[in-house]
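Below are structures written as C-alpha cells.
Heads up, the next two complexes both have chain A, just with different partners, chain B and then chain C.
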Partner chain A sequence: MTTTQLGMPRVGFFTDTSVCIGCKACEVACKEWNAIPADGPLELTGESFDNTSALGANTWRHVAFIEQPAAPSAGGEHDGVRWLMSSDVCKHCTEAACLDVCPTGALFRTEFDTVVVQQDVCNGCGYCVSACPYGVIGQREDDGRVFKCTMCYDRIGVGQEPACAKACPTKSIQFGELDDLRERARNRVAELQASGLHDARLYGDSPDDGVGGNGAFFLLMDEPEAYGLPPHPVVTTRHLPQMWRHAAIAAATLLGGVVASFVGRQPARLRDR
Partner chain B sequence: MSPRRRREPEFMSYYGRPILKEPTWAATDIAGYLFTGGLAGASSILAAGAQHTGRPALARSAKLGAFGAIAVSAVALVHDLGRPSRFYNMLRVAKPTSPMSVGSWLLAAYGPLAGASAVSDVTGVFPAAGRLAGDAAAVLGSGVASYTSVLIADTAVPAWHESRRELPFVFVGSAAASAGGFGLLSAPLDESAPARRTAVGGALVELAATRVMEGKGDLVSETFHTGTAGQLLRAARVLTAVGGAGAAILARRSRVAAAASGAALLAGSALTRFGIFAAGQASTRDPKYVVVPQRERDGVRPATVPA
Partner chain C sequence: MVGGAATPDNDFCFDYLPRITGSHSTYETVQAQLDGVCKGYFLLGENPAVGSANTGMQRRGMAELDWLVVRDFSLIESATWWKDGPEIQTGEMRTEDIGTEVFFFPAASHTEKSGSFTNTNRLVQWHHAAVEPDGDRRSDLWFMLHLGNIIRRKLAGSTDEADRPVLDLTWDYLTEGDTAEPVAETVLAEINGWNADGELLSAYTDLKADGSTACGCWIYCGCYADGVNQTARRKAHMLQSISSQEWGWAWPANRRELYNRASADPEGKPWSERKKLVWWDEEEQKWTGDDVPDFEPTKPPSYRPDDDARGVDALSGIDPFIMQADGKGWLYVPAGLVDGPLPTHYEPQDSPFDNALYRVQRNPARQTFSRPHNRYHPSGSEDGADVFPYVLTTYRLTEHFTAGGMTRWLPYLAELQPELFCEVSPQLAAERSLRHNDWATIVTARGAIEARVMVTSRMPSLTVHGRTLHQIGMPYHWGPNGLTTGDAMNELSAVSLDPNVHIQEDKALTADIRPGRRPRGADLPAFVAEYRRRARIDEHTGTEGAMAT
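Now for the complex of A and B:
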C-alpha cells in the first residue's frame, strides 16, 4: 500500500521552464543546503551558460541553457535567438527503476512518495545508476556511494519547501501536493497555448506514461530531447516478468542440455566397473 | 540493409550529451563475473552428471572448476562495489524486483554448496553429503548461469535491455561452451565425452543466439558491430566456432586437440561477455540510442498537450 493510499498527500515539483531565467539559484541553494561537494575545478564547456552539464552525484539541480535560432520579432523582443532554460532534477518516478533494482534497500520510498537513498546502507553497487532511464543518479567516485536529489527530505519533513523551490525567484520551481501541481500545470499550459506559444507542453505529468508519472514534472517549450530528457522512457522493471520467464526457460534448457550430454554409451573402462 | 550501413538518424539532443549514465561497473569485474559465473554454474551441472555416471576425473575437475570460478566471482563482485566493506548489505533484504538481490541470495546458497562439493570430493570427507551438495549446486548452477542475463537486461542500458529476449540464451550457451571447454581442457579423454557434447551444444546455442541478438537490424544493434564491442564479438565468434568445431571433430581422439578446443571455447565465451558488456557501455554514450528508438516506439507520449 502506498502512502497516498493511506491518505497522505503525494508531494512533488512542477518546474515551469517558461519562466526560468537561468539564474541557477536552485543549483546553488541545493548545493548549500545539502552540503554537496564540488565536481572539481570549474571548466568552461562552451555550451551557452551551462558549465554544470548534467545531473549526477554532486549535481541534484541542473539548469540547461538552449539557444535556438528564431525569427526576429517586430517588437525587438529577441535578436534572432530563442532562449530555453530549464532546471532539471530527479523525477521521483511513480515506478522508480532505481528503487526497484536496489539490492540493499538503501533506496526507499518516503511517506511523501519521494525516492531517497539511505547513505548509511548504500554499498555502491551502482545498479540504480544503470537502471535510471533519465541518467539522474550517480556514484561519487571518491566516496563509492550513489547520491541524488532527496526533494530535501529533511526540510519537507518539518513543513519547509525544498531549498531549490525556496530560492527560485520566478516560481519556475513550484513545490506542493502533486494533484494541485498537476492542475496548476494544466491551467498554465492552456494559458500559454492560448497566448500563441504552441510549443508549450507538459512532460512527466501523466500517470499513464512509461514510469507511471513523475513526482517532479515539467512544462517544456520544446521536445524533451532538446533539454537532454528521454522522450518516452519506460521503467525497465515493466519487462522484468518477461525477462525472468526467458531466463527460466534458458536455465531449464541448460540443465536439460547438459544432462542430455550424458545420455549414450559409457566408455568401456567405465562400463567394466 | 546491414545495421552497419544504416543512415545516421536525425534527432535532437542537448549538445550531443548522453542522456544515460554509463554503467559504474568495471569490465574486468562484471564482464569477468558474467563469464566466471556462467563457467561455475554450468560446470556444476557437468560435475553432477559425471558423478552419477561414474566419471570421477571429469566430476573432480568440473567441481574444482566451479568452485574456483565462483570464488573468483565473489572477489570480483565485492571488489566492484563502491563500498566493498558493506558487501553484506546485499543480504539485508530479499527483493524479487532486483535481479541483483535475487542473484546475491542465489550465490549465497550456491557458493557454499559448490565449495562443499569440491572439498568433499578432493578430501574424501563426508562423501554422501558432498554428492548431495553437488546435486543441489547443479540445480542452482543453472540459475547462476542464466540470471546474469536478467541482471544486465533489467537496466536502462539500450543494448542490454533491447536484447532481453536473446540474452538468457546467449548466456547459457556461452556458459555451457565454457564449462564443456573446461572439461575438455582438464579431464582425460575416456571421460570427456559429455564435456565434448556440452561444449558443442553450448557453442551452437551461443553462436545462434548471438546471431539473433546482433542481427535485429534496429539502431541499437549496431553497437554489437562497431568499436570495441564489435572487435570483441568478432573474435569471440571465431574462437567459439573454431573451438566448437575442434571439439566436435578432433577432441575425441587427441588430448592436445581437446585441450586446444577447450581453451578456444573458454576464450570465446569470455570475449562474448566482454563484447556484450562493451556494447552496453557504448549504447549509453550516444543519446541517439535513447532518443531514436523511443521516438519510433508506439505508446503514450510523456510530453502531452491537453486537448
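Now for the complex of A and C:
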C-alpha cells in the first residue's frame, strides 16, 4: 500500500477526462468552499468555452476546453470536431519541488501526503512559482503570497471528500486512496482502449516518473501537450545537489585561481618600496 | 378556497372563479398590454425584457401598463427598462413619457423559503428553508399573503357584490417568525383538502360534490394524506422498490407512471419481468404492483363492454389509455391537434429556403403578430430574403440560467462566461471579415445587437438544396444589467407561435452579420429600418395564411 510517513493510506485525485462534460461545477465548488475571490477580467478569452485559462492563485481547479479536428472514428466527434474537456488541478507531487524551495516552511506535506501552503507563513518570495514543473502555483497581486489547491485539507481531515469531487456530476473527479484510484484508472483505460479509444492514457500515475508520481493524476484522451501538460515533468530540484557540486567546483577553481595569482608575487606595497 | 361562504344555495360560489375568456398566455398578454387591455403585471422571477422573444415588444408592452410589480434577486432588466433600457438609449422612449408605476421587491431564494417544486414528470418535492432571508428579501408566499391582507383590509365592510369573492376567501394562514412568514405547509394542506370535520383527505376519490369536502386542486389531493407532508418524504432508493413510491409524491394519487396498465400484456401479465410496474392479481381480482395502477382497480383484463356501455364502462380490460375516448394509444390523431392529423414539414417563420415538401411555405395554423416592432422576414425565393442570408440559432450555457437573473449577478459564474458571443464557422468568418474575439453586429428586422465573435468549426456550414448555408449560434442569457453585461439576443427574435402549445420560434431564424460594433443612439433604429427597407418588409411580410390574431 502507498502510505504516508505516518503509515496512513495516501489519498489523491483521479480525474477521468473522458467523462468530463465541462460544466465547471468543480471550479465553482472550489471557490465557494475555499472562499477564493473571483478574479476574472469579465472579458471573453476566445479560448473556446474556457474563460479561466490556467491555474493560479485564485483558480485551483481549471477546466480546459480543447477543440480538435477529429477523425470520424474518434470519441466525442461531431461534424469533424471533437471537444476535449479536462479539469486540471495541483498534482500534489510525490517529489514536490515547491516544498523543496520554500524558505519559510509555509509549504508542507500533510499527513495525507498532500502538499499545502500555509498562508500565514508564506512570505511571498515566489520561489515555488518557478519551481513547479506544471505552473500550478500563482501569487496574488496584492501581497505576493501564493495560493493553490489544498485538496480541501479541512474537508478530508474530517472524512469529507474535496469540494470539487463532491460537486462533479459525472464522477470525472474522483477522490480516494491512491492505490484504489490507480487500480480504477488502469481498469478504465483498459475499458476505453478495448472500445477503440486508443489515445486514452494515464498521466501522472506512475511512481517512476520525474516527480515520483502525482497524488492527483489524470486519464487523458490525447497527448499531454494537447492539454498544456508537460509530457515528461521532472522535479525542478532533482539536479540541485549536482548543480551545487558543480557550483562548488567552479567556486573552488575560481578561488584557486585568485590565490594562485597572488602566490609568488611580491606585494605591490613592498615592491614599490 | 372559499370556506364557510360556499353553500348549495350559491352553487358553492362557483361563479367566484374567474372564467377563462380567451388565451392569456404570455405573448397574448403582451398584445393585450400594447392594446391597453391589460393594465397590471406581476413578474415573479421572470425577466421577459431579456428572456422572451422580441424583448423590445415586451418592454413596449410594459410601458403601456398602469403598474408593474417585479420580484427578483436583483434589479433585472424587466425592472429598470423605463430608465436605462435599450429604447431609452435610442431615444425611442423617454422616461418622463412612461406612465407605468414600477414596483421592485427583493425576493427570497429557494434556500430561504419552504415550498414545493413540481417537475414535468409530475413529481412534487418539498424543500425546507435552510436560512432566513437576508434584509428585505421575502418569499412569494409572504408577498401574496400580506398583499391579500392589505386588500382585504381595504375592502372590509364593503357591500359591493364584486368584492365578495375576495372577502369570502379563506385567508387565515398561520405565520411564523419575526417576518410573519406564512407556514408553507398550511397552504399545501389546503391544496390537499379536507372534509367537513377538518380531516385531511387521502385521495381525490374522497372528493364529494355535495359540499362536504373542500380541495384546492384535485390533482394534488392526497399530497398531505394522513396529515403527513407526503412531498417531503426522502426515503433512499436502495430502501424501496423501483417506483420509489416513498420519495416525494407524484400527482395524481402518487402514481409514478401514467397508463402503467400498458406495462402488462392483454392478460395482465408484465411484458417484462425486469420492468414490471403493475399486473392483474387473479386471486384478489384486482390490479396490483409496484406502482399505483392507472386503471380501474377491479376491472379484469377479460372485461368487454356492452354495446350500450357509456363513459369508463365503455373501455375494455385491454384499453390502457384511459384518458382517450377509445382507451387506445394514438399514432393517427383525428382530434386534439390544431394542425393534425398527420405530421408534415413546414419551414420556420423566417427561413432562407423554400419548403421542399409543399408549396405552402409556413405552417398555416401558426400564430403571427405583425406589429411595427415585430416584422417578419421574407423567406426562400421571396423578394428580399437575401438581405438576411444566414440562419441564427440560439441555446443556453451551463454557467447561466435562462434570462440570467440568477447568474449574471454572481461573480463566480460571471467570470466563467463573461461576455455574449456568437459562434460562426471559419468559412462565414472569412465571408464576412469577422475576426475571432472581435466584435460583430447581428441584425434582423426586429433589432441589431453586438457580440464577441467565436470562430469555431463546431458551428458547421451546411449544404442545403445544393447551396452553402452558414449558421450563427448564440446563447441568450445576457442583458445590460448585472456583473457581466451584453446585448439581449432576443432583441433579434420575432413573436410567432406554433399552433398547439404556442411556443415562440427562437431556435431558427434568419439574420445578417457584419464586423464591428452596432450603431449607438438614434442610429440604431435607423440602421435596422434600413435593413427592413432593403428587404422590402411591410406588415404583410411572412403573414400569409396565418391564423389572425
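What to note about this one:
In this text, the second predicted complex is superposed on the first by the 252 of 273 C-alpha atoms of A that agree within 3 Å, B and C clash if a C-alpha of one lies under 4 Å from a C-alpha of the other, contacts with A are read in each partner's own complex, and residues count from 1 in each chain.
Keep in mind that, in the parts below, a contact is a pair of C-beta atoms (placed from the backbone, for glycine too) under 8 Å apart; a residue touches a chain by one contact, two chains touch by 3 or more.
Because the structure is predicted, anything quoted here is derived from the model rather than measured.
The superposition on chain A brings chain B alongside chain C with room for both. In the superposition on chain A, contact is made by A:Glu67 with chain C only, not with chain B. Angle at the C-alpha centre of chain A formed with the centres of chain B and chain C, after superposition on chain A: 140°, rounded to the nearest 10. Judged by the touch definition given at the top, the superposed model places A:Thr52 against chain C, while chain B stays out of reach.
Once the two complexes are laid over each other on the shared chain, residue contacts for A:Leu42 go to chain C alone; chain B is not touched. Looking at the shared chain after the overlay, A:Gly105 reaches chain B, while chain C stays out of its contact range. When the two structures are aligned on the shared chain, A:Gly257 is found in touch with chain B, with no touch to chain C.
Applying the stated contact rule after C-alpha superposition, one finds that A:Ile156 touches neither chain B nor chain C. Judged by the touch definition given at the top, the superposed model places A:Leu84 against neither chain B nor chain C.
In the superposition on chain A, the chain among chain B and chain C reaching more residues of chain A is B. In the superposition on chain A, no contact is made by A:Val117 with either chain B or chain C. In the composite built from the two structures, the nearest CA pair linking chain B and chain C is 13 Å apart.
45 are the residues of chain A that lie in the contact sets of both chain B and chain C, per the superposition on chain A.
Across the complex, chain C is touched by residues 22-24, 27-28, 31-32, 37-46, 48-49, 51-52, 67, 69, 78-81, 83 of chain A.
Listing the residues of chain C that touch chain A in their complex gives 397-399, 411-419, 421, 436-437, 452, 454, 456-458, 460, 483-484. Within the complex formed with chain A, the residues of chain B that make contact are 11-15, 17-21, 23-25, 41-42, 45-46, 49-50, 52-55, 80-84, 86-87, 89-90, 92-93, 95, 97-101, 104, 138-139, 142-143, 145-147, 149-150, 153-157, 161, 164-165, 167-169, 171-172, 175-176, 179-180, 190-191, 193-195, 197-198, 201-202, 205, 284, 287, 290-291, 294-295, 297, 299-306. By the touch criterion given at the top, residues 45, 47, 50, 53-54, 56, 64, 66, 97, 100-106, 121-127, 129-135, 137-140, 143-146, 186, 189-190, 193, 200-206, 208-210, 220, 222-234, 236-237, 239-240, 242-244, 246-255, 257-262, 264, 266-267, 269-270, 273 of chain A touch chain B in their complex.
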